[in-house]
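We call the chains A, B and C, going by the order they appear; numbering starts again at 1 in every chain.
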Amino acid sequence: MNRIELTRNPLIKGALKNRYPQLALFVAMLVGYLFAILAGLISTPVGNQNFSIVFVWIAWWAILILVAVPFFGRGWCAVCPIPLPGEWLQRGATLDPPHRKPGWANLRWPKFLRNIWLQNISFLLLALFSTLVLTSPKLTSVILAAMLFVALGLSMLFERRSFCRYLCPVGGFVGIYSQTAPIELRVKDKRVCATCEGKPCYNGSASGYGCPWDVFPPGLSKNTECGLCLECLRTCPHDNIAVNLRPFSADLARPSARLDEAFKAFIMLGSAMIYAGILLGPWGAVKDAAYHVGTGTWYLYAGAFLAVIFVILPVPFAFCAFGSGNRHPFKKRFSTLSTALIPLGLSFWAAFSLSFVLSNGAYVLASVSDPLGLGWNVFGTANIAWFPVLTSLLAPAQTLALVGGLVWSAHTARNAAGEVHVSPIPAILYCLAATLVMLWLLL
Amino acid sequence: MKIRRIGLLLLAASGLAVVFTPLPAASPAPQARTFRIDAGQFAYSPSTIDVNPGDRVTIQLVSTDVVHGLYVDGYGASVEADPGQTATLTFVADKAGSFRFRCNVSCGAMHPFMIGKLNVGTNNRLLRSMGLAGLAVAGIFLLPSFLPQGKSNQERFGA
Amino acid sequence: MKRRELVTRVLIAVAVVFAVGTPLYFWLRTPLIHAKIAENGGWSPDVLLARPGEPLHLRLTSDDVVHSFAVGKTDMQSVDVLPGKVTDVTLTFDKPGTYTFYCTRWCGLNHWRMRGTIQVGDPASTVAAGAAPTAGKVDVPLYVTLGLDIDSPHDSPLVPGVRPSAADGEELAADSSVSKFIDPDFYRTHSPYQAWRELRNTSSYSGLSDQQIWNLVAFIWRSNTTAEELASGRKRFAQNCAACHGENGAGHGVFADQLTAAGQASMKTMAGAKDMRRQTPANFADAKRMLGASPALLQGKILRGGMGTGMPSWGPIFTQDQSWDLVAFLYSFPFLYQE
């Protein structure tokens, strides 16, 4: 048996269907989020001592990329506070649907933007300014606040969670990487859906709201777009929705042929390698160029960054998709094959983040005792001097992650290549080459 | 089936060999080396130093703008210097490999990324990891039945 | 609306107000003194008020790099002010007046400009409160009393061929005719060259070579100070002077190039300003320059600074003793005090 239905257990099902546990988590996250915004604005401007930087770019990032995404897919989206104020306003309620729905515009998201290109762009923008963002508490706060306000504004204009689905820079990569996770939400039996009247999973009912992610649950075959908000679990009158435990990367067995997702894979792969070089390498001139936004050297750096992502990485990969007499269009071959880069990208980010987090994790201790930089010492750890955490384990862990990701990618490549009738060998060699470069950058 | 099992065993054995076989160490006689490293926001100059295993390494840290530190990963040795007061750190490079050294005194925005590299002998860890990666790919090519192929995935994993 | 919904909304509102209000509340109620590098504003606030005899509790934090806090013209041990961390200092001033506080760990080219004042006195009578400034009593530096010109060059007309050795001088100092030179009143008001000239004109030393007389001068200079004073001067030099003047006093400290550039850059439009040799920090091993300067002259340069260069004024910072110790140490560059 390769899928275990978790919602068969009445305790689990009850906890997931009940709005209170979810709301409690939501409010806790929102409080933390708002506190982080405040701390970034009024606490110390020293990045590594500021609660906002430490808890967003070190603690939250570590949990996201090392735990939430690989093991829970879009699990972070399930508890993320960003859409909440807008959504409560949009819905006119914080719990069950109200009798009278508020009359917001609820426009349909424009068709030509129904893809992840906007998310690719928003992530790239963040990535280009990342050295500045990662070290500047005020800028971090501004970005956090901006996301909150944009999500709110979009909820007033458009239906459902348009920010989350089409704009959020985090959602872009969490979505495609969630295909690797061992958790999924799916309908149990599509035949039941065929005879269902009203389709409340998509349109809402008195027990819950229609899918905020604009997903039609019977059509849900991959984790990419499902944000695990569990509304469909509440609205389905036929108890036909299940949350399952399943083998890792089951979704990659049916590779996607979308170009926007293909480029997202390159964006993530490229940025992991670039960050490993800039942030963890000994090349001061590049760090300077990346940090001093607006200077001539920064434009050079930005150009190089974009060149890696849009030229240096995809062009050799395009050669992997060659095949004479192949009946599949080139675009389909390229995009399908690029699915192999998803496990690779995830392992690259995990390996990079391990180094980043273990070297800087000690700051969490100091920050938790004095979150506002006012001289508090709540847990007695405020004046702890920096120390590296578990760095002796770092190299083996990174090797494991990278080699494991390589094997996983090779496996995915074989599968994807089979779908479009090309040889997987060039793609596997490409993954090997990328892995060797990443090993050299990190170890 | 049997061939597959033998293949897997061979693969595992080669993997262990790659990870654990002692590499022939080209051991030149250890000597005392001194390096002057200038530290300025946010880089070291020189940012990479090479020594042989067993060398007695002395680093003279010269801060050129604000107070900087130098902490060597893996050795745990560190020193701090004010501008105008060169600080000296001495240790024996008994562990071979490639180690980052970083600033351990908050020195401004990019402080967490102020990093240099100390190479003690050859970076065996990197070589072994690269070997493992190559071996993994070789394994995938040579043992096609090691991992199930495309179509059968869809059968196994269902709708 | 259902009661559950109302209760939930209230709870959410309370949580949000708590999340936003708590940090704001504590932030507004915790006055901190922020230290930033001088280029970004230095100490803020930089004027503090205190009452005589009442403890002044200060909470300091750095907004960028490592700084340190001390009050000038005292023997106070400086207290580190670290980025993102808060340091508590309590000061008590017995006498009213204006005190200078300053940063004691180099934090950039303009580190020495990081200063502020503490006004101790009856609040109504401080300048900050609008009272007319009253001239406090200042120790008049010796160079002022002597009417020395500390801005003009003071090259020694004669220099030794080899670095004069105090130990060799000690061997030569047989009779009491040197003891009159081992006296603060003589030492502070005469340059080594002037001492050399007097010794040269003394009949009992007519048999000695010029170099030997210089060795005697070196011995005399060393005898006018003690090992403790030299150690104190050495420490003061390392902490305050070496960053510009170099750890070996030769003038090429880590900030020397920036100082030269700063001096030249500001003069770019002046004709004939290309030859701004004096913009580089002084080389204390330069015998011509040092042996023509009396301790009073050197002390004056240290206390007043300027001279058309980037030399800071240390008057509000060093006590008299501290400045004399430093001056004594400076002579250990042209003279050889230890074998």
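We take it that a residue touches a chain if its C-beta (ideal position, glycine included) is under 8 Å from a C-beta of that chain, and two chains touch if they have at least 3 such contacts.
Worth saying up front: this structure is predicted, and the values here are computed from it rather than measured.
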Of all other chains, the one whose Cα centre sits farthest from subunit B: C
Dominant interface by contact count, named by its two chains: A-B
Distance from subunit C to subunit A - Cα centre to Cα centre, in angstrom: 54
Whole-Å gap between the CA centroids of subunit A and subunit B: 29
Centre-of-Cα separation between subunit C and subunit B, whole angstrom: 44
For subunit C, residues contacting two or more additional chains: 64, 83-84
Of all residues in subunit B, the ones touching two or more other chains: 106
Residues of subunit A touching at least two other chains: 46, 48-49
In the complex with subunit A, residue positions of subunit C that touch it: 1-2, 4-5, 8-9, 11-12, 15-16, 18-20, 22-24, 26-27, 30, 32, 59, 61-64, 83-86, 88
Complex interface listing, subunit C residues touching subunit B: 37, 64-66, 82-84, 105-109, 238-239, 241-244, 247, 253-255
Residue ranges of subunit B in contact with subunit C within the complex: 62-67, 82-86, 105-108
Residue ranges of subunit B in contact with subunit A within the complex: 42-45, 47-48, 71, 73-74, 98, 100, 102, 104, 106, 109-117, 123, 125-126, 128-130, 132-134, 136-137, 140-141, 147, 149-151, 153-154, 156-159
Sites on subunit A touched by subunit B in the complex: 2-3, 46-49, 131, 135-136, 190, 221, 246-247, 250, 253-254, 278-285, 287-288, 291, 359-360, 385-386, 388, 391-392, 395, 398-399, 402-403, 406-407, 410-411, 414-419, 425, 428-429, 431-432, 435-436, 439-440, 443
